[in-house]
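Next come two complexes, and both contain chain A; in the first it sits with chain B, in the second with chain C.
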Partner chain A sequence: MTQDAPRNDRPRAVNGHAPDVFKREGQVPMREYPKNAPVDFVIVGAGCGGSVLAAKLAEAGMSVVLFDAGPFFQPRRDFASDEREQEKLYWLDPRISDGDDPIELGANNSGRAVGGSSVHFQMVSLRFRPEWFKARSKLGYGRDWPVDWREMWRYYDEVEEALKISGPIRYPWGPDRGRYPYREHEVNEAGLVLARGAEALGVDWAPTPLCTVSAPSGKSPPCAYRGMCKIGCSINAKQSMLITYVPRAIKAGAEVRDLAMVGRIETGADGRATGVSYYRDGKWRFQKAENVVAAGYSIETPRLLLNSSTAQHPQGLGNADGLVGRNLMVHANDAVWGEFDEEIRWYKGPPSMATCEHWNYADDDPSKNFDGGYSFMSQGPLPGDFAGTLTSSTGMFGDDLLEAMGRYNRMAGLKMVGESMPQVDNRVTLADETDELGLPRAKVTHSFCDNDRRLQGHGRKFMSRMMRAAGGKNLFETQSTAHLMGGCPMGDDPETSVTDDMGRVWNVDNLWICDGSLMPTGGGVNPAMTILANAARIADRIIDARFD
Partner chain B sequence: MSQPFRTPYPGYDVLDKWDSPSFDDQTREVLRARRDPPPRRFLDPNQFALLEALCAVVIPQRRPEPVPIAPFIDAALHAGRGTGTRFATMPPERDAWLRGLEAIDAEARAAFDGRGFCELVRPKQARLLRSIDRGDCRAPEAWQEMPPQKFFRALLLKQIVQIYYSAPAAMSEIGYGGPASPRGYVRLKVGQIDPWEAPFGTWEDQA
Partner chain C sequence: MTHDRIYDTFRRRTRRPVGGIGLGAIVAGVGLGFVAAGLAARRPRSANPVKRSRNKREALRLGRDGAAIMGASVLFDSALEHLRGDFRRDEMYVAPLTGATAMAAALAEPRRRKRGRVLEVTHLSSVGIGIAGMGFHLRNISRRPGGISWNNLFYAAPLGAPGALIMSGLFGMVTHRMAQAEGYEHLHGRELACLTALALVAESGEVALLHFRGAFHDKAMYLPVTLPPLAAAGLMAQAIYPHRHFRRPLTLLLRAVEGLGYVGTGFHALGVARNSAGWRNWRQTTLAGPPMPAPISFAGLGKTGRAALDLLAVGEDQPRQNKERAAI
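Showing the complex of A and B:
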């Protein structure tokens, strides 16, 4: 920006006030807690898991301090229509990526801001298929969740209502889910390509349930179809945590500490958590707490637990059995791109306005040669993003590249969200080197298994057929990954899981996890709704346990 | 060899919307600040000249005022701003760039009688980059274990194209709508465009 220090360099939630996210300038009052008296809950990470938990616990009358390493943005002032400027939303501090299929981090799957990755997520709001919560016993692969699907179903209702998800009246797959709180969005041409293809192949499709409002809601205007959701919504149509659960938490008396990186969860002689050490405004500080919750997502949560080792927890917190950081999962994000005679202009509207979940439910199809499932959606990448996809998958440059990009307005794409199996060797560990604060960096090791590859191959083949059926020409395929899940799975058995069914770390009874890292399996849909619903469920369990 | 690229949208310029509701203040501020590219601070003059030559091969620009690319890569290296990913096979980003630039020059010297990359004509530069992308290297020691294709695609190409395609001139040449806040779009279906979008384009395959 200017020669001065960037505006997002200094904490903004200070002196009893937090930024008013609905205004260009202005603040809202915020309660503050002393550092040396224990608060009921310290929550580390203000993303999907942390924000929901903070709001519900604060509304139940508990004292809560919610930390985030990233800045507290005011979208209407801070979010430009510019891909490069908006890199400020991502976790750009290096992590080491290893394994046979190393994953791309940063912009690809990790946010760093109050609101977490929901600030730049693409708003696809799908539910798990019920059987996936018992994948091992019902479908014969992966792991079981320690939760009944009907309970999760109720919490999906709760968070979908809170976020005013805009979706179709009748959703074609899975058990009945009533109607979505807001009506579906008009599907853009990129989505209609999927619709045409699906109809030609005889499978269902649906307008994607999206986390951006189709009509005004509170202080949010309806979506303006500007298509920049992945770099942050500057008009506040997108119902990210930053403009929903975070303001709710503040209103209910929670304190948010932005630009506050938690380096260690401290534990006492009895092995229980006593609070957190965090770096804010140039200094290390300590906040006392009765309970600590790690909600930093699938890489930073394991990293924090591992970085908090003591003589009593020599391998890190919750890690006596060496499970912390293992069973990390991604979604396969393979795509098929095709060219059309007409101009599709896929930049208009949210990027994924139509979806097909056929292969999440087609157990008996003879061509299904894999465990798990996948969905796929229509696409609308911004120019820099699409150019990066072209060059990293083909190596093209020069006039070939300019020519290919010259067809940007005639392109359409289908991209899968493909389940991958939990594997113990896919994991987060600590690297030998440290970051600027002296904290060991995360190292992420990831390789696909044969089943994962079969699923991806099936998906690419099916999406290519559909793209051709819709009239696409000169198809090409790309391979990548999206989303993170797992790393600290919850379960019923302390020998195979890191936490119990309410996110409480086995053997440290006041240490909790509440984010995507709890997921025992990844499913074939985007994870945010499941993470949110699970957080809402955990919040109620904590509240019940406390007041019983 | 490929033909020089001709834009399907001659005469369209996203900057014509500068004073319209498609541009908000913060976007104008970002674009304004980018008009004066930052001074060179990380690479030395030879490395910088090599980087500029590479940018020109990757994005051949035939406009009177080419979109500056190299200064922004240099600035990111100076600031130590990374991408969030360091593949285990790659050195840290700054080292990767220094090593990669040196290796590309070494490849040029090995393939073309001791002439450096900047001394080669454009088609030879392009041919050299294609062989590096294939992993077909003549100066393997210069890469010091860094996988050439990974450097070429994941760092060099990716950063160059991401800088270029966020420039208004590049948005205009592909007919992209450009900045769109607070005003987005209304007409979302094929055959429909909003008055503030690029008019329909023309391509040779459709002439």
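Showing the complex of A and C:
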């Protein structure tokens, strides 16, 4: 970084301007709203849920202020091809993690930047299986969503078009999904390992639909296949919220406040939300609002609601039944790694270029001994990441680690995204400990159930078979988790859910949630597309309700 | 991944995969050498003993240029694409070299008196090597997981590309034959019209595949999949039922197709600029972006198409000329 590069610890969206994300330097004009006059919507969190909502509401003519605790990056200047430097993208503020299977928090599950986790997500863009929206009534496990899959299908179309998802022409699983806006990318060698294995075992595989463009789009160049995706794409091929919906929101008149940590949602004597208290540029401030939306993802959204307690809401907002923070889910991220005779160079290109969703759809297979499903993808971890995996899962160290890393270019791997069951005891609560701003830290309690373990065991076994069939040797397995879902599930019944079907918190009619925490079940696919589609749907519902 | 001897030698010498400017320069050098050879081999026009109609001269010139442009396109396009593939197999050198010989042979036309056996053999070997190339490309695709799948059609060895070599050889051959013979202009015109129509359709097919891969992200990308098939239809109609009707608009259309070749090169240069870091990063972006030498083949086909129409005109004038001659 050059010496005069602007600092990451000072807000950049100020004085009527926001950073121009497509340039190394430069700004775009941005509208600003006074703090003491209520804006139509304050949205807390500029990630997948918050950005889509902000753009659509602003485009419908509403006044919107979008807060994010993280910085407003300019990828072309701020992103380095360096794993350590790029840790600045993750939410690394300490959280307390316990339970039988405590989750490792940070790089694997949440981001902290304008654009949210989409800035460093790995761009796998899959849809839910339709039946999962009615998992309880159709498949007999988990919970039902208060939404029909056909409605979600339309919104998947909408967000896939907006993000120019590059996907295969024929997707082997599920109902027809029309044509992806951009064509599939060339599958890299690591992906061809999955392909060879799948063909040997007689199951389908597909080039992964990815959220990075395979041809120029607007100001984005096509993907250059350098594989830095997980630490932020410095050339803007990746269609993160930071370069898509956030600029759209600003253009339509929304204001973004970066490096603005919202500590509390304030409520009035009538119990309704009046605005938010936030910390920015060294001071606590207050923004008035007609409506407040929490979009901080599955840990921070519950934390914010719980921390906003008042005499009228003694247990926190929306938490009269004690449901806020419960039914938190992760994806099992177990993996099988192996060595190959030939060079693979798996760091080339986006990390997961081939996918297999066989076990999301194979209900009748006699070997299926679990509820739910899993998909898995080819892998391409960066060296630091992979060395970390080796150390933490095999205890390898020193010369052994050095020697193992010498085989880095001949390694390949398969990693699952395995559904886990919603359980009330997997939850976010407030710890006694506080952070630098004096806000109670989040405590995350997590344990897998027997079904989760059976699913993971099945996945590891199947992926091992596939690796062997593709020619992999000296296989070894690792276990971890990825993604967060749930925590404030939506539903039809106030007794069992935190919000209604449009994300409105039961009993606080101007408080909303719009992020991954709404998900009643997690499904066996990466969640971003579902969160985005749901946010686009909620936006339309709000707009319709307002203008009716 | 298999490597061959030249690849390994390069790799041992330079400690890096074949690539970069060095090899590009070799190939370009070979190409330019052949251009020079071709030009030198041309016979001065004044040596033509028999007077020819202006149309016939024009047709010969257009046919020769068309075939040469196709050869040049193969030379540069295959050099670029095979460089992208690191010249991993020794056979990959054959394509640019044949492109160069095809171009040189085409430029050495039109020969009149002499049989020109060497030229005939060169034209025919372009055709043969083009067919072999298709076989290689098919084998490359079918060995990859997925077989004949979209991913392989988009990104593995392009099935249609060696076709340009076949076309270059065939056009060279037709030009060769029409220079040798008098009185068969009408027949040659029909042949050439048919051949050009087929080449235009094949070429548009290849463009359609690749522009579809690029999601037709720019509206201009529709031009090369609409104008050339129209021109092909017109030419095919002339081949089956030669008729003076519509020849003028068809000529204009063929000029537009030719123009598309030049404009397309410009568009591809802009496409390269839209890749990360644009032309400043040309060593990467010219390989990753749209292939600069590809569109020019349309210029070649526009020319051979017009050559066909000129020949038809010559053929149709002939009986009249013969009659006139008899009257004298």
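Note that the second predicted complex is superposed on the first by the 542 of 548 C-alpha atoms of A that agree within 3 Å, B and C clash if a C-alpha of one lies under 4 Å from a C-alpha of the other, contacts with A are read in each partner's own complex, and residues count from 1 in each chain.
Note that contacts are C-beta pairs under 8 Å (C-beta built on N, C-alpha and C of every residue); 3 or more make two chains touch, one makes a residue touch a chain.
Since the model is a prediction, treat every value here as computed from it, not as a measurement.
Asks: Scan A:Ile169 for contacts with chain B and chain C and give back first, second, both or neither.
Replies: second
Asks: Of the two partner chains, chain B (first) and chain C (second), which one does A:Pro34 touch, if any: first, second, both, or neither?
Replies: neither
Asks: Now for A:Ile235: first (chain B), second (chain C), both, or neither, which partner does it touch?
Replies: Both partners.
Asks: Between chain B (first) and chain C (second), which, if any, makes contact with A:Glu343: first, second, both or neither?
Replies: In the superposed model, A:Glu343 contacts both chain B and chain C.
Asks: Would you check which partner chain A:Glu85 touches, where first means chain B only, second means chain C only, and both and neither mean what they say?
Replies: First partner only, chain B.
Asks: Output check: A:Gly202 vs chain B and chain C. Expected answer is one of first, second, both, neither. What do you get?
Replies: So A:Gly202 meets neither chain B nor chain C here.
Asks: Who touches more of chain A, chain B or chain C?
Replies: Partner touching more chain A residues in the overlay: B.
Asks: Which partner does A:Gly178 contact after superposing on A: first (chain B), second (chain C), both, neither?
Replies: neither
Asks: Touching A:Asp98, do we find chain B (first), chain C (second), both, or neither?
Replies: first
Asks: Between chain B (first) and chain C (second), which, if any, makes contact with A:Pro216: first, second, both or neither?
Replies: Only chain C is touched by A:Pro216; chain B is not.
Asks: Quick check on the output: what are the common chain A residues between the chain B footprint and the chain C footprint?
Replies: 186-187, 192, 224, 235, 342-343
Asks: Contact residues on chain B for chain A in the complex?
Replies: Listed in rising order, the residues of chain B that touch chain A are 2-5, 7-8, 23-24, 26-27, 29-31, 33, 57-60, 72, 81-88, 92-93, 126, 129-130, 133, 149, 152-154, 157-158, 161-166, 170-171, 173-191, 193, 197-198, 200-201, 203, 206.
Asks: Any idea which chain A residues touch chain C in the complex?
Replies: Where chain A meets chain C, its residues are 164, 168-170, 181-184, 186-187, 192, 195-196, 198-199, 205, 207, 214-217, 221-222, 224, 235, 237, 342-343.
Asks: Quick one: which bits of chain A touch chain B in the complex? Just the residue numbers, please.
Replies: 1-2, 77-85, 90-99, 102-108, 110, 186-189, 192, 223-228, 234-235, 341-345, 347-349, 383-388, 390-392, 395, 397-403, 405-410, 443
Asks: Along chain C, where are the residues that touch chain A in the complex?
Replies: Of all residues in chain C, those touching chain A are 1, 144-146, 150-151, 154-155, 212-215, 217-218, 271, 274-277, 284, 288.
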